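Chain naming follows the written order as A, B and C, and within any one chain the residues start at number 1.
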Amino acid sequence: MSTSVSAADRSGTPDQLPTPDRPTPAARPARRLSGGDLLRRWAVVLLWVAMAAAFAIASPDLFLRQGTFNIIFGANGQLVFLCMAVLAPFCVGEFDFSVAGVMGLTGVTVTVLYGEHGWSLPAAVVTALLVGMVAGALNGFIVVVLGVDPIITTLGMATALQGASLWASGMSTVTGLPVSFGNVVTTKFLGMPLFFWYGVVLTLAFAYVLHVTPLGRHMAFVGANREVARLAGIRVNRLRFGAFTFSGTIAGLAGVLLAANIGGFDPTSSGIQLLPALAATFLGTAILFPGRFNPLGTWIAVFFLSTGIVGLQLLGLTGWISDVFFGGSLVVAVTVSTLLRRRKTRF
Amino acid sequence: MPSAPAHRTSGHSPAPVATGTEPTLSLRSVSKRFGPALVLDDVSLELHPGEIHGLVGQNGSGKSTLIKLLSGLHRADAGTVVSRGGEHPLPLSVAQLDALGVAFVHQDLGLVESQTVLDNVRVGRYQRGRFSRAVRRGPEADAVRASLARLRSDIDPLALVASLPPADRALVAIARALQNAGADDDGAGSGVLVFDESTQSLPREVLTGFYATVRELAAAGTAILLVSHQLDEVIALTDRVTVLKDGRVAGAGIPTAQTSRREITRLMLGADADTQALHDAVPTSPGEDGLVLRGVTSPTLHGLDLTVRAGEVVGITGTTGAGHDELPYVLAGVSPGRGAVRVGGTEVQLAGADPRALLDAGVALVPQARAHQGLALVMTAQDNLSLPRLRDRSGRWRVTNGWQRDEFAWVVEHLGVTPPRGDLPVAAFSGGNQQKLLLGKWLVAGPRALVLHEPTQAVDVGARRDILRSVRAAAAAGAAVLVSSIDNEDLATVCDRVLVLEGGVVVGELTGPLTADQVLDAVFRTELTTEGQPA
Amino acid sequence: MSARFGHNVVVRGLIAAACASTLLVTAACGNSDDGDSSSAAGASGSSSAAAPEGVNPEALATVKKNLAVPAAFEAPGPALENVDQVKGKSILYIPISLQIPAFQQVSKAMEEAAGKVGMTVGSCDGKFNPAGVAACINQAVQQKVSAVVLDQIPLGLAAQGVDQLKQAGIAILVGEQEAAPGDNKLAYLATGGDRIISEMADWVAVDSKGKANVLVVAQSDSPQQRAYVDEGLIPRFKKVCPDCKTEVTDVSSAQLSQLGTQVNTLLLKNPDIDYIVSEFDANVSYILQGLKNAPNGDKVKVVSVIGDISSLQRVKNGQQVYDALGNYRWAGWALTDQVLRMLTGAKVLESATGPGRAFDKTNIDSVELSDASIENESLWGGDTYSKVYQQLWGLN
C-alpha cells in the first residue's frame, strides 16, 4: 500500500482545558412532582371515584350499602394473588401466563391429597405449595437456563398444568376440604374476609420490596435493560429465575386459599382467571407509577374493575356489557396513560 | 485483516477522471438536521460516467444519511440533485429516481429469500397480460435471463433465492438495480448505481468476482457510488474518494491513486480537532501495578499479557479484528474468555467469572454501546448512576436517598451534566450528557481499574473534552485506566502509553507524549509488517 | 372411566345442554301426574306420607319417587321381530363432541348393546362445529352405514347433511331435545332430560313448604338451554308451587368468572332469596364461591342437577342441598334399541325413561360416594335394563 502522503507532525498548541471547578447549577432534588404528574398518577383513581359516584347516583339505595362494599372488595381474593404472581415476572421483563394453571393444579392437589388420599391437612397444604413453587421454578429453568421464549414456555406450561390438574382430579370438581380450613380465609376481620386482608398484606409487601429495597430497584433495572443490570454486577439470571419461582409460589398459594374458600376445587375454573389478572396488571401500569408494573396500581386496578362489574350488575346490566367494560376500560386507561406520558417525554 | 485486494488488480486501469465531461449526477449543498444536531452540512458530490466513486466516513459521519436522502427515505432540509440537464430539489420521488436512472444495492441486498429470482428482480415492474392482468411469466423470465447474462451469469430465473450461493444473490440484487440504473440492452449504462455497504453481507471469497462485476459495470458507462467502511476495498476499487466527517466533506473527490489508506483514515478521524494532550493539565504519577492481565484469551485475543500501573492511562488500539475492541469486555467478565486479571491484590480467573466478580475486584467497565449496555434509558439519571452500589450503600432492606443525591451532585460538578436533574429519565439527556452519566456512574465510586471502550464516540467536542479530562482525573486519583479506542486523537490526548494490538497480542508500544499521527503511524506500520502472514 | 363429565370453560355450556337432554334420565318414572302420596310410601323419603300444610301433593310424590332407588326397568315398548336382519350392519354414532367422557360412555354402551345383535358401532367426533359434523356425515355416507345417531347435534347445524343421509337411504336417529314422533327414516328419542331440570321445582316446593324465594341461574349459551328454564322449570314452579317467587338470571360460559358477584348483587337486591336453583351443576362452584361473600349467603340453599360424584359429595357436606343424575350406559342401550326399531320396521318410540335418581340429605348416606358407584350403577340400584332390552330384541 502506498503511503505517499507524509503527514506533517502536528505539535499541539496548549489549549484551554475545562476548569476543574467550573460553577455548575446545583443538582436539583430528584422527584419533584408537578400537577401534571399527579394527574397522570391518579387519573384512574379519580375515574374510579367518579364511576362509584355515578353508580351511587344511578342506584343510591343499592350501591351505597355495606353489602355492595363487601361484594366489591371481598369477591376477588384469589385475583389479587394471581395479579401479584403475574407481576413479578413482568417486573424483570419476563412473562408468565401459567399462573392460573399453577393455581388450578395446587387447588386440586391440596383437595385431592386431603380428601381422596387421606393426607393430613398441613402435609397436603405444604405439598401443594411445593407443587406451585416447582412449577414456577420449572418455568424459570426453561426460560432462564435453557433460554426459551417465556411467552411460549408459559403458555404451553399453562395448558400442560391444566391437563395435569384435570388428571389429578379425575376431570371433575373435587371437594372434601373441612369447613374449619375454610375459616382460614372466610373469617371476617373488620367486616372483610381474611382472604381480602391476605391480598392487602401481599400487595403491600410486594410494593415495599419493589419500591423501597435495593432488590426492587435491581428488578426494575433487569426489566428495563438486562445488559445494563448485568454489567452493574446484578445477578440477572438469579433474579429472573427468582421471579418465576415467586410467581409459581404465589399462584400456588392462591390455589390453596381458593380451595379452602370453597371447600374444593373445579379444575376447569382456573383458566378463566388468567385474563382478568392480566387485565388488572396491565391496567395497573396506568396507575400511581405510569408506565411501570407496580403492585399498588395493580391492586387498585383489580377493585376498579370489580367496582365497574358489580355496579353494572346492580343496575341489572349483565352479560355482554361487562366484557365491553372490562376490555374497554383497559384499553382506554392504558391509552390515556401512554398519551400523557408521551407528552411528558416531549418536553 | 480482511483479505480484500490490497493492491489494484492488474488490467483495471483507472478511468481518467473526466473533468471535462458532464457529471451523471451531482448532489449540491445537501443539509440535514435531526432535532438540534446538524448531521449533514452543505455536502456536495459529483458522480461521472464510468467512474467508481468511494464514499467513506466514520459511524455518524453522515454517509448513510446522505444515501437515505438520495433514496428519498429522509427529507432533506436543503440541497438539489443535478442530472441530465435538470435540477431537482430533494427529496426525489421513486418515479424521479427511475427517470434519472438512480438505483441502490443495499447492505442486506434486500432480497426475499422465499421467492424466485424472477420475482425478486421484477416485483413492481411486471408486464401484465392486457386483460387477464396475470403476470406474463414467459417473457418475464426471458428478460431476467438476459439481464443476468449481461452480468455473465446463468442463474435460473425460476430458482428460489434461498437456494442460491451468496455470490449469485449479489448478482440478483445488482440485476434488479440495473433495471433502474438505465442499463440499455447493449449493457451500456447511463445511470447511477449506489452500493450501500453491499459487501457487508458477502463472504470474502466471492468479493473478487463482485469487484470484477462492479468494474465491468463502470466500464460500460454507469456511474457507481461505493459506500463502504472497508478502506482496503475503497482503495482497491475506486477512482476517486469523498470523505465525510461530522456531516461535512473532509475530502472531496480525491483521486484514489494520489492518496493512501492512512491519509483517508486521517481525514475520516479528523486532524483538525483539538488534539491538545491533557498530560500537563492533569498530571498523573504512575505507581505500582494496578491492573495486570496474564494470558487473556478469547476469540480474538491470544494469551495477552498487559500491565497498567495505578495512576497510569494506557491506550490499546489496532485494526479491525486485532482484539483491542474485545479486551474491555473480556477483562470485565462480560464476554467469555480465559486468563487471569489481577487488580491490586485481588486476582480473578476469567474462566467462569461473571461481571460481579470483576466488579468486586475493583474493575469498572464503560462500554461502547451506551443504550444497550451502559444505561437503562427509561430509568432516571440518578437511579442509573447509583445502580452498582445500591446494596452496599443502602443495606438490604431500604434504599436510602442521601448518598444517591450526593453521588449525582458529584457527577454534575465534575463532569458538567446538563440539565442537572436526577429525576429525569436518561433518554431525556443529549448523547454527550448520557455519556457523562455513564462515565460518572463508575467514576463516582473511585474504581481501582477503569476500563473504557470508545469513550467519546458520537459525542460533541465540548463533552469530549470533559470526558477525557475526567478519565485523566480518575488516573490522577490513583486508578489504573485502560482505554480501548480506534480514535487516535483520543488516545494521544489521554494516554501515557499506547499499546498496538495485532492478532490478539501486543505488537507495538508507544510512550507519551504522543501525537495522533504517531498513533496512526504505529497502527499502520504494524499492519504493513504483518501483512501477508497467516492469521 | 367414570361417567363424570370433563369440561373446559369454552365448552361447558354445550356440554351441560348435551347432558341435560339425551343422556340423562328423569328421576321420575314416566309421568309424575299419576303419582299420589301413597304410591310413594315405600321410598326412603324424608316426608311423611301425608302432604304437610302448603306442600303440593304432586310435588311430594315426585320427590319421593325421585329420591327412591329406581324401580326395576320396564320395557319401553313392544318387542321387536326379525332382529336377525340387522346382523352385520353398522351404525355411526356422531355426538357433538367425543372429547366429553359422557359421550364416550354412550358410545361404549352402544357398542356393547349393538354387539349383542351382531351390529358394529363406529363413532365420529362432531368437534363442536358444523364442519366437524359435516365431515362425520360424509364419513357415514361413504361407509354406507345403515343408521346414524346424531347426539345433541341441533338439526340446524346439519340440515344439509340430513338431506344427504336421507338420499343415501341411511336412517337417522336424533338423540336430542323433546319427544317427537318419527318414522323409520328419521326418528327422535327423548330421554326426558328436561324433566330432571324442571323437577327441581318439586323438591323446592316440598322443602320450602310452598313458600320459596328462588333465584334461577340459567345457562344462556344456546336457546335450548334457556328453553329448559322458560318452558320447563318456571311453568313447573307455577304448577307445583304457586306461591313461590322466581327470578331468573342468565350466565354464559364466557362469563362464569363473574357469576359469583352476579349472584351476590342479586342477593343484595333481593335479600329474601333463600334458594338458588342452578340449571347445571357445573356452575355450582362459582355460585358457592360467590355465596361465601354474600350478605346472607349461608342461609341460601343451592339446588342443582346433572352433577357427578363430587356434586354428591357437596350434598353430603351440606354445601348443596339437592342433585340428580342419570345413567349414561343406559342411554347407549336406549339409543341402540331405537335404532333397531327403525331398522326392523317396528314403530319407533318418542321417548324412553331409564334409571335416574335424585339425592338430598335424606338419602345421600344410603349410597357409597365413589366412582365405583357410577361404574357398577349402584347409585341407581344396579343394571336392570340390559336384560330387558335383550329380551325385547329376542335374545336370551
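Definition applied: a residue touches a chain if its C-beta (ideal position, glycine included) is under 8 Å from a C-beta of that chain, and two chains touch if they have at least 3 such contacts.
On a predicted model such as this, the values are computed, not experimentally measured, just so you know.
K.L.:
Once you've mapped the touching chain pairs, tell me: line, ring, star, complete or other?
P.N.:
line
K.L.:
By number of C-beta pairs in contact, which two chains lead?
P.N.:
Chain pair with the maximum contact count: A-B.
K.L.:
In angstrom, rounded to a whole number, how far apart do the mean CA points of subunit B and subunit C lie?
P.N.:
Chain centres of subunit B and subunit C, defined by C-alpha means, are spaced 75 Å apart.
K.L.:
Could you give the separation in Å between the centres of subunit A and subunit B, each centre being the mean of its C-alpha atoms?
P.N.:
Measuring from centre to centre gives 42 Å for this pair.
K.L.:
Send over the residues of subunit C in touch with two or more other chains.
P.N.:
none
K.L.:
Per the contact definition, I'd like the list of subunit C residues that touch subunit A in the complex.
P.N.:
Residues 2, 4-9, 12, 101, 220, 249-250, 252, 254-258, 260-262, 264-266, 268-269, 282, 285-286, 288-290, 292-295, 308-311, 313-314, 317, 319, 371.
K.L.:
Provide the residue numbers of subunit A that touch subunit C in the complex, in ascending order.
P.N.:
Against subunit C, subunit A makes touches at 62, 65-68, 70-71, 74-75, 162, 166, 170-176, 179, 182, 186, 193, 258, 261-266, 268-269, 271-273, 276, 306, 309-310, 313-314, 318-319, 322-323.
K.L.:
Can you name the residues of subunit A that touch subunit B in the complex?
P.N.:
Against subunit B, the touching part of subunit A is residues 1-5, 7, 9-15, 17-18, 20-22, 24-32, 212-218, 220-221, 224-225, 227-235, 291, 345, 347.
K.L.:
Flag every residue of subunit B that touches subunit A in the complex, lowest number first.
P.N.:
Touching subunit A: residues 6-7, 235, 258-263, 266, 271, 274-278, 280-282, 332, 334, 354-356, 359-360, 365, 367, 372-380, 382-384, 387-388, 390-391, 394-399, 401, 404-405, 408-409, 412-414, 416, 418-423, 425, 427-428, 465-466, 469, 473, 515-517, 520-521, 524, 528 of subunit B.
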